[in-house]
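Please go over the structures that come below.
Note that subunit A is present in both complexes that follow, paired respectively with subunit B and with subunit C.
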Partner chain A sequence: MTRAAPRAKRAESTDPSAPSTPTRGLSRRGLLGLAGASVAGIGLGVAGDRVALAAAAMPGAASASAVYPFYGSHQAGIVTPAQDRLHFAVFDVSVGTTRAELIELLQDWTIAAAALTAGHDIGEYGAVSGPYDAPPEDTGEAQGLPTAGLTITFGFGFGPTLFETADGVDRFGIAGRRPAELAALPHFPGDDLDVGRSDGDVCIQACSNDPQVAVHAIRNLSRIAFGRAALRWSQLGFGRTSSTSTSQSTPRNLFGFKDGTANIKAEEPNVVTDQVWVSADDEPAWLAGGSYLVARRIRMTIETWDRSILREQEAVFGRTKGAGAPLSGGTEFTEPDFTLAGREDQPLIGAAAHVRLAHPTQNKGTKLLRRGYNFVDGNDDLGRLEAGLFFISFQRSPAQFTSVQLNLAKHDALNEYIRHVGSALFAVPAGARENSFVGAPLFA
Partner chain B sequence: MTRAAPRAKRAESTDPSAPSTPTRGLSRRGLLGLAGASVAGIGLGVAGDRVALAAAAMPGAASASAVYPFYGSHQAGIVTPAQDRLHFAVFDVSVGTTRAELIELLQDWTIAAAALTAGHDIGEYGAVSGPYDAPPEDTGEAQGLPTAGLTITFGFGFGPTLFETADGVDRFGIAGRRPAELAALPHFPGDDLDVGRSDGDVCIQACSNDPQVAVHAIRNLSRIAFGRAALRWSQLGFGRTSSTSTSQSTPRNLFGFKDGTANIKAEEPNVVTDQVWVSADDEPAWLAGGSYLVARRIRMTIETWDRSILREQEAVFGRTKGAGAPLSGGTEFTEPDFTLAGREDQPLIGAAAHVRLAHPTQNKGTKLLRRGYNFVDGNDDLGRLEAGLFFISFQRSPAQFTSVQLNLAKHDALNEYIRHVGSALFAVPAGARENSFVGAPLFA
Partner chain C sequence: MPRAFRSACVLGTSLLGVTLLSGCVANNPAATHAALTVESSQSECAVSTNEAPAGSIRFSVTNSGDQVTEFYLLAADGLRIVGEAENIGPGLRRDLVVQLDAGSYFTACKPGMSGDGVGKAEFTATKTDAAATVNVDLAAQIDSANTNYASYVSDQIDQLVTGTDAFAAAYVGGDFDRARSVYASTRVHWERVETIAESFGDLDPKLDLREADVEEGQNWTGWHAIEKALWPAEAEAGFEAYSTEKRAALTEQLVADTATLDDKVQGLTFTLSQQTNGAIGLLDEVATGKVTGEEEAWSHTDLWDFQANVDGAKVLYDGVRDILLQQDPDLAASLDTEFAALQTLLDAQRVGDGFTIYTDLTPAEIRTLADQVNALGEPLNQLTAALVL
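Now for the complex of A and B:
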């Protein structure tokens, strides 16, 4: 990697010699890939960094001015207070990419992600300040936008080709390092998966309070990957469906219910340690400090749901639609009482209620850190909104998701109104250290 | 239509007898359609209105607390400062729907739109407060969200069936009232239109600073239409690409350029009167105070664009990428000088530059009020982002768009990087008066 000189953030200084946050340019290979040979030899200019607007703070996590560092012991975008918007992208490493080129791609992605999350353009010159005879290093649509709490989170998938191809080729010399748990999720009852929206080699989750900032990140990371990895599938989400911090109010899913009330919160460090982060005692060692990401595209048949009566809707969730209180009584954050019976000795929260089947007490204490988003992708040929929940969860082991989902897939009353149409699992490495790159321990 | 009793906004009062903004419920037909016969006779409850959060104001139009009235001489969502997010939906009136049922649908939509834009749930009971043996009248996912500047704008399409079917049937007795100009747009050079993303009977444009508020509006309006009209196509947009007020900064399109610098602004009332609103002297009389809406789905081949050099990009637009200044000099709002020549006597703004070809001086003074949005709808099979501009313009006559677009389609240097893949034209009636409904003059 070539080191670039320190760059000035435009909002702070227009003097290129002023001291500022040091960031680094793309690797030589990345620069060549983007801009052609003419750029690599050109001297330093003033970087076209984005203005970090001091926008008025909005309540909770919806702050335009929030900045989350890319480097750290864990990756950001997991226990970070869930931002409002998502662009999730999955890449396959291209045929012919070598181990060295894959590492270089991860290095380039790391440098770019660190710049983007800090509110900088990527590259040494950025979007708008030349050189004029090369393509701009940054595509420019985030010029003038605030950082908007951008996080960029990387994960490694079990397939189709990263650790080992279907016919057993170890392309990158890491077949022996695949975590035993990084394998195809079991087929759950009712699964109706589209391979075009499932699996893949590497995922990038970009979350931000401004959708254009998230889209800009994925677009530029895709561009950096050109020739080395290609987009396999992607998903935009417009509304977060979970809180990951007690500072956040509980949002609503497209069934109109509060979602994620009992989610793991960043303010529960013991639970996070126990349930989210892969420990140094777990296998494999290279994944210590990381996590596993499960993504499920869940299509909601909202037209059918919308015709069900309120009593049924509340029975399905086991909570009231307004306050989100358990049907056993109390308010949103009251613990549900699954034993409390109402008329004819029937439990107030039914046997098939979602809140019961998903609850840790019914799953041997298992919790997931959920971080999903509502989506609407137009409509289908019958005029129904192509809408649902893009479920994302982080957990120390995929077995946590599998055990809960087996319980739900078999019994959940909600199954009448949903269909799982996409699925993927990724091993999310620990955070990158400065002067290193995300996923470095996998290649060490 | 049945009148509902005045309702209390929850944020203002929890006492159902407290005086508040009177709104009205759905028509009896609408209520029956939604909830079944059991609801219509039930007495009044406390409506489940949405909380109008007093969120901290953000800069410009991005205010969570903005409220734009639905009733008025013109429809909102045209000269209203462009909100950040879009959900655009086009419906076809169902086979078998009578004239009376179509009018009733427009009445129901009017009542619902007035409630939604005021931050209320739709219906008399709303989303969460029962009756428990009926489906909730409102789907509920906007509970707790602010009004977020929601506007809902209706338009009538020339087809396939509204004014007259292809085989000449006058379903609703309005064939004689079709504006002569409400007809298929000409085929422009390079058009590559998908019929599944073009045309339709009725359009609804929902704009808001919160995408979930816009999605909630379209979803509930679709639901109200059940059995009377069905969704034909729809489009979400995540980032506005035009300013319609001098109070707004100029946003950027996905080519990274500022867009809409020279757009018509609400603060130019003479221009708005001359170029946007259909006058009482224009034909037909029922459209006075209205406008025409052109929608074009423009796919950008951003991967190709991203490989073009900065000099080429600026030459294509005729503006600098950073400040958005014309290449003839000055700053963003400096008038371009199309005669100013540079080296070898070539004009600094080339003959094929977008800013030249689109400029009013090159189009006999014609202006459009643009109100488009950036979109990303996943990616295609080749791993390219399915991204572009959902262009929307309002104008007094479709001929304004046609003349400018013919000029662009023939000569614009930008054509190398874009493809028009969807197209539609709608006659947008004047604003609804209270106690009437949107489009009433068409049926008077």
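Now for the complex of A and C:
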């Protein structure tokens, strides 16, 4: 039994600086999956401290050296300036997992997420400093990589089983705490949803400026969950399609257009408060300081799009393809003038143009904080790129998304070239406090 | 079914002039063109030079005024429009690419889009060895193409009306075998002119909405609502047969909406760009809905629709082919080849009067069809630019 060897190194008995309470260290069960039966507690992985690497990175390489703390009043990864890469994962809590085990999982995930976002390996010994006869605690592929602005954001889904199973079983004693608004989104015209890419119990959004850092996070969090929760579906995204800070330029989607210029920005605190965060006056109380996350996998038929004429492409978006200015004139950030008419008194920005239908003034002032990513997952059986937009939005109420999407699904000229094939809704709790865990108020 | 509203965008283009523009832009990146700039202000229309070698010329028009503007390139008579860039919002830039024969022209801008315009100035395309010869007398051919296409649309909708009446009578009378047997062959008339039918925004969803596109609470009517009931074995578990009343209501609506469509297409006229974009739109329909088997979710008669869309696109192409032969014979040759190749693949799937049903196609057969749709789509989508500016 080579596994017996590490027992001598039990951190909780020999190292007073190593915390042993479940809220501060990975639980015993969490570590069972990591480094064998005998190692408990968590060190901050001196061997894998990547903050130092980041600090040594080239001056000006802000995207590599950025560090966003995991603990705080709101979760990071929402108003955080949108990073370039995404790994989004959705888990179902395993059959047989108890309430205590679910809480323990959230505690373990919290500890690990705090370490990962700080640029540390997970576990006491990290990737390569542990017992020679035990599997490494950290999977190791992020060694030598900077923090790259990693954020990890957790959300609770309405299904299929977390709050209540389909046949009404309250597995974790939280059925009464399900927010009334955390329910299935309505069917939108044109939806062609794949259940295998929809819904789920818990989501984890990992964003980073380095794809391997984001994948490393999801991979290790999945490993920690084995036996308690399992991956239901996941999505890689490259290339952010939104800017969430005025310091960022507006990126392009795979249609080649700048979209979402009018997105909510972190520098607009009043708008963020009004449109993104669930207020203490909203229901339920445990979600105060949180938000709702909508994820939609939007497939683009880009082959058809690519051979459509420029006139149509610009008419569909209502913007110029080059500068991203509204067709009513000006520059990218000029407010669109939806009444300005051109030839034959037709508005320059057409009735079905995307920029018109998505604009707050056409949606009773409703705004969404959009944080989506481009994706290309190989190709389909017809030789077409399996490409599109993995749309993510954060909003104070799912009704904000529903009203905007209903307007788009019915009228948007873009519908000719897109199809919604996956959909999910999650309640995103407030940020975790130190010595507590993400989502603690739900179980309080 | 129409993933709606394409037509609203496409049909907005109007034909105001015809000139030469060689197609296949991407195939010859080494080709050189003269690049000029135009600044359209409130009172000026400043072109960077008043002379350029005949051939491809690009006018990069920037609107520096505060009104919507237009830029015109006029023939030597100062009246006939050779090329134009319209609806340029304040601060925006739009490029006009034209192929000019050697000769005299005029440039002019029209800020505010009314009145006589400003800054009308002479412009000369100077002789070069490479410049193409332009046949400018195409008006008669275009007129004839437009008239022929209007007759085709009207004829197809007439046949749709007749077929729909027979289909409706069979269905409401409970002769489901008969209804099934004429379902696909009647819809062919719709699919051949689908982009025109779609241009009547409210009629299209009433007649051709797929179930996935139905909004919550919306009353689902039209061909596909009946299709589902005629092929119930393919429907979801628990799908209930329609009552006699519902069958009557659906057929009544179908017949009435088709009659309305018939009224609306009478006396329609089509511009050249509506024709070329119509052909493109029909092949897009094939690429997004038919070759994927999504259009006919229960009857699986997608290949009937496929052939009909191709028929409609081919009619549109044939209508303008003589014009194209003068302007871009290479593009015409490419389209001839690709249309024929696609037809060969479709002919291989003919069974009796119809086709193999979609679910009996092998993945390899579907893939071959999809590849050929792409092969045709790329040159076909050059058609508008090749014929219309």
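FYI, the second predicted complex is superposed on the first by the 396 of 444 C-alpha atoms of A that agree within 3 Å, B and C clash if a C-alpha of one lies under 4 Å from a C-alpha of the other, contacts with A are read in each partner's own complex, and residues count from 1 in each chain.
FYI, a contact is a pair of C-beta atoms (placed from the backbone, for glycine too) under 8 Å apart; a residue touches a chain by one contact, two chains touch by 3 or more.
Since we're looking at a predicted model, the values are computed, not measured.
Enquirer: For A:Thr139, select first, second, both or neither according to whether it touches subunit B, subunit C, the two together, or no partner.
Expert: first
Enquirer: Based on the superposed arrangement, let me know which partner A:Ser249 touches: subunit B (first), subunit C (second), both, or neither?
Expert: Only subunit B is touched by A:Ser249; subunit C is not.
Enquirer: Look at A:Arg311 in the shared chain and tell me whether it touches subunit B only, subunit C only, both, or neither; answer first, second, both or neither.
Expert: A:Arg311 sits against subunit B and subunit C alike.
Enquirer: First (subunit B), second (subunit C), both or neither: which does A:Glu303 touch?
Expert: A:Glu303: touches subunit B and subunit C.
Enquirer: After superposition on the shared chain, which partner residues are touched by A:Ala184: those of subunit B (first), subunit C (second), both, or neither?
Expert: neither
Enquirer: Of the partners subunit B and subunit C, which touch A:Gly383 in the superposed model: first, second, both, neither?
Expert: Once the two structures are laid over each other on A, A:Gly383 reaches both partners.
Enquirer: Identify the partner contact of A:Ala285: answer first if only subunit B is touched, second if only subunit C is, both if each is, neither if none is.
Expert: Once the two structures are laid over each other on A, A:Ala285 reaches no partner at all.
Enquirer: May I ask you to name which of subunit B and subunit C touches more residues of subunit A?
Expert: In the superposed model, B touches more residues of subunit A.
Enquirer: Name the contact category of A:Gly322: first (subunit B only), second (subunit C only), both, or neither.
Expert: In the superposed model, A:Gly322 contacts both subunit B and subunit C.
Enquirer: Just checking: does A:Phe257 make contact with subunit B only, subunit C only, both, or neither of them? Give me first, second, both or neither.
Expert: first
Enquirer: Which residues of subunit A are in contact with subunit B in one complex and with subunit C in the other?
Expert: 303, 307-309, 311, 320, 322, 381-384
Enquirer: For a test of understanding, state which residues of subunit C touch subunit A in their complex under the given definition.
Expert: 3-6, 8-10, 12-14, 63, 68, 70, 86-87, 89-93, 113, 212-216, 218, 277, 280, 284, 287-288, 291-292, 363, 366-367, 370-371, 374, 377-378, 381, 384-385
Enquirer: In the complex formed with subunit A, which residues of subunit B make contact?
Expert: By the definition above, subunit B touches subunit A via 48, 53, 55-59, 64, 85, 87, 89, 127-136, 138-144, 196, 211-212, 215, 218-219, 222-223, 226, 230-236, 238-239, 249, 252-257, 302-303, 306-311, 313-314, 320-322, 374, 376-379, 381-385, 387.
Enquirer: Residues of subunit A touching subunit C in their complex?
Expert: 186-192, 301, 303-304, 307-309, 311-312, 315-316, 320, 322-323, 325-331, 334, 340-343, 346, 348, 350-352, 381-384, 406, 409-413, 415-417
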